[in-house]
Amino acid sequence: DDIGRLVVSCQDGPGIVALISAFLYRHGANILQSDQFSTGSRGGRFMLRTEFHLDRVSERLPLLERQFEFEVARRLRARFRVRSAATPTRVAIFVSRHDHCLLDLLWRARRGELPIEVVTVVSNHPDLERDVAGFGTPFTHIPVTPRTKPEAEQAQLDAIAGKVDLVVLARYMQILSADFLDEVGVPVINIHHSFLPAFAGASPYERAKQRGVKLIGATAHYATEDLDEGPIIEQDVVRVSHRAGVGDLVRRGADIERAVLARAVDWHCADRVFVDGSTTIVF
Amino acid sequence: DDIGRLVVSCQDGPGIVALISAFLYRHGANILQSDQFSTGSRGGRFMLRTEFHLDRVSERLPLLERQFEFEVARRLRARFRVRSAATPTRVAIFVSRHDHCLLDLLWRARRGELPIEVVTVVSNHPDLERDVAGFGTPFTHIPVTPRTKPEAEQAQLDAIAGKVDLVVLARYMQILSADFLDEVGVPVINIHHSFLPAFAGASPYERAKQRGVKLIGATAHYATEDLDEGPIIEQDVVRVSHRAGVGDLVRRGADIERAVLARAVDWHCADRVFVDGSTTIVF
Amino acid sequence: DDIGRLVVSCQDGPGIVALISAFLYRHGANILQSDQFSTGSRGGRFMLRTEFHLDRVSERLPLLERQFEFEVARRLRARFRVRSAATPTRVAIFVSRHDHCLLDLLWRARRGELPIEVVTVVSNHPDLERDVAGFGTPFTHIPVTPRTKPEAEQAQLDAIAGKVDLVVLARYMQILSADFLDEVGVPVINIHHSFLPAFAGASPYERAKQRGVKLIGATAHYATEDLDEGPIIEQDVVRVSHRAGVGDLVRRGADIERAVLARAVDWHCADRVFVDGSTTIVF
Amino acid sequence: DDIGRLVVSCQDGPGIVALISAFLYRHGANILQSDQFSTGSRGGRFMLRTEFHLDRVSERLPLLERQFEFEVARRLRARFRVRSAATPTRVAIFVSRHDHCLLDLLWRARRGELPIEVVTVVSNHPDLERDVAGFGTPFTHIPVTPRTKPEAEQAQLDAIAGKVDLVVLARYMQILSADFLDEVGVPVINIHHSFLPAFAGASPYERAKQRGVKLIGATAHYATEDLDEGPIIEQDVVRVSHRAGVGDLVRRGADIERAVLARAVDWHCADRVFVDGSTTIVF
């Protein structure tokens, strides 16, 4: 394909859009779509995402990247990334026993709905191996016990090192250590089965039932050391009534979880998500 | 009108519906609509709400009430209430300076959308007097300071004693004392400007912005001594983006607040809400 | 299980609930949940759905049915059905090439989320055979051409005759003849990929794009001779923006289609849907 | 205020963003927010909306406009508009007897939620005069009968000529003639009480009830000669059940109507809506 994508963030100031759009024009790229946002016009953070048309973009990418670095990024002290929209994001999916988020991601990837390549599925249980095999995706079973957790995490890191751009926790019921998050070197997206910050922690559906809320929800966020505190990418809710028991909440919640996680992965892999401190900008 | 309404709650057991429906049939009432729910078939709590047609229901109500007490309620050790659907609930609205919830309730009452009669509006500020006057509703200004709070609450109680069946806190920015809630003798519905239990307490929109949630909401609940912990009647949410500042959240939230509060008041006054411990059943 | 379900419909009149609930009480059944609705208190249609607890309900069903016929149904000239909640509805799914509705139904059935047993999948294309095999469900490939349609429909009827209680058209892209609908003898549920009555007929997403609507939707309805005119069971919508091309509408619509169809099938199989002329009552 | 707003549309081609952003930079304007869209990269239509900071923008606007015309618009053969964000849009609201859309607009304008100045309310009935007076807004009663329609429309045109930038039909139950739309010279926004294109024309709620739809909605669109066919600005829906009669649909629909109309007016007046043939782009 001939579609490229450029994301830039830097301190806000005058002339940034002019500088970047002139660069693209000069190098023959035609802007198809562009989003920008600033957290404040003075001293705020400027973020921009552009999709552009450029013949043979993959081939010209290495040069374009160096030119952008030299002609634009240095002047703005900007962080940027430029890539071909046709290059899929390489993903490792971590999962335990619940299949709904995993299968939905695999199915959407197969349909071409998500710009991802699922490199491997990693699980602390063997239960879902056969389902994953049906999609032709490698499955790595790494058991985890409290005693073996450090070794297990090392095995997980070995299994994905250098092979993935993103880790997705698709109802992975283990807490990843700070060390793991440190060493993995790529973003980690988690799906939490509540409308955070409500019911952070364990057993959110039980607690939702107990509190008598009228809507339950799910939250996709970047995993950080502070459990359930990472920047939120997407959330959604569904109405429930007094008739629904905890089991019904779990079932109805599963639909929200898989929808929210799929959207978060889609947006992340389309370079639409910018982290700004404890929050996100989603174009 | 000839529509009556019966609500019953008691310990669950066999034959309750048969007993109640036979009673209604025997006394010439034709069931139009009926809802029931049990929190568990053994030892659970049974709740029923029935609307029935009965000629000259208002006139026959006192007798029907005694008959139900004698023929049904005693056997079931049930709590019940029977009334004409045409009788409006008498309401006092407490408000501070935000006008949106108050005006929405007054406007809906005038349109005949809510089965209420607003007996008086009580405010700790004089700001909304003129708007309330436009609806022909009495306005009682009772200033409240930390020092005068006990006297102010007494004045509030005096202003509504025996005149209302419900107090609605339509963004009343003072915390009512446990004594007030004790003595007021009627249910009190509050609207909280967050999706409880998230952001309970003060400044929910500021905290929602800070946390970067993707949906904001509002919660209508019965006021109890435990602030923001009362049984939830209704909640709703609206999607917000990174572009929305705190001011935008306040504005968009106002639309949700007034919608949620109007629904909660409507349902309460239509006898559709049953409190069950810390939660509600809403038929 | 010991849960039974009774659905009744008859002309409205006084005493119906009393009669039915007394019957259940007399035969030892304890009502767990009950819904009723009348299309008008005089001359209207009364509909009731009750779930009750009765020891060894499956075993006692044949007798209970005769007793209800004799003691209640004849007096009310009522149509009724009583069955064990544990008995799954036997379903044939018809599909062409789109996999999303089919896979979602099969997956939910496997998870135990739908009270159905998928007896067979019938398709006019062989494409989805392998996916269906993964669920252990029989797959019947019956090609259809304009010339062979009568024979094909006969083959379809033969494949399901006496084996199913429901046919689900899960994006089956052929129009079933009036003869087929006549002879199939069980309800047929269809999913239409628009928010009916808007964009009835072919190519709804193209037409939605052209008209510039801001929400797209899907509709599950009972199939009747009048194409896209059958009683609606469930509908839902999702917001779309100008950025979404027809391809995006198709993708986003697919999520709505599968959700709406799953809900409609669930409700139908839980005996929650009553047809009333060209509309439905859904408890 | 120092915030300006520039909207541009022209045939798409390379270098447009660079040209416009360089212009703004050159004249000291700092882009705060920018949206763009193209209906196709070759031969499509390019649309851009930018908010920028510029000291004393109102004062400098006439010169900036001429400079943009000379330096940018001529080269691109572009249509554009530049204005101060602080300048409210002058609006005439047409209404008949339903008060909900009118009062909501007046109330939001008073709260400062809508960037509008309601110059006058025009009605074919005197009913709402007192409510409008409460907001201090002029009310013009112009009766309309089939026989007097031409004169009435002329009186309407006289009442608003040169004084307004927008006409809002807030449940105005008369059809405006093609001549009126021709001569009024400003956009006209209408609220239709259905989810168009479903139930175009009269009595949508009755027809929605009859068809048994599970969601009802409202549509705000630009009025054109083809009744109910103008470009859609915004739509929304609300769930309804079989319990809701036509009167309930009217009441619940009223909430959607006023919300949808308020959003459409807000977006139009914030220059966020571009008409593209029979559809709109809404930034």
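All chains are identified by letter, namely A, B, C and D, in their written order; residue positions are counted from 1 within each chain.
Basically, a residue touches a chain if its C-beta (ideal position, glycine included) is under 8 Å from a C-beta of that chain, and two chains touch if they have at least 3 such contacts.
Please read these numbers as outputs of a predicted model, since none were measured by experiment.
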item: Result of counting contacting C-beta pairs for C-D and B-C, higher pair; value: C-D
item: Selected from A-C, A-B or A-D, interface repeating B-D by over half of its contact pairs; value: A-C
item: Inter-centroid spacing, chain C versus chain B (mean Cα positions, whole Å); value: 37
item: Length of the line joining the C-alpha centres of chain C and chain D, rounded to whole Å; value: 42
item: Per-residue overlap in chain D, given as positions that touch at least 2 other chains; value: 33, 37, 243
item: Contact footprint of chain D on chain C as seen in their complex; value: 37, 195-199, 210-215, 217, 231-232, 234-237, 241-243, 276, 278-282
item: Interface residues, chain A side, partner chain C - complex; value: 33, 99-100, 103, 107, 111, 113, 134, 243, 251, 255, 259
item: In the complex, chain C residues that touch chain B; value: 13-18, 21-22, 24-25, 28, 30-38, 41, 53
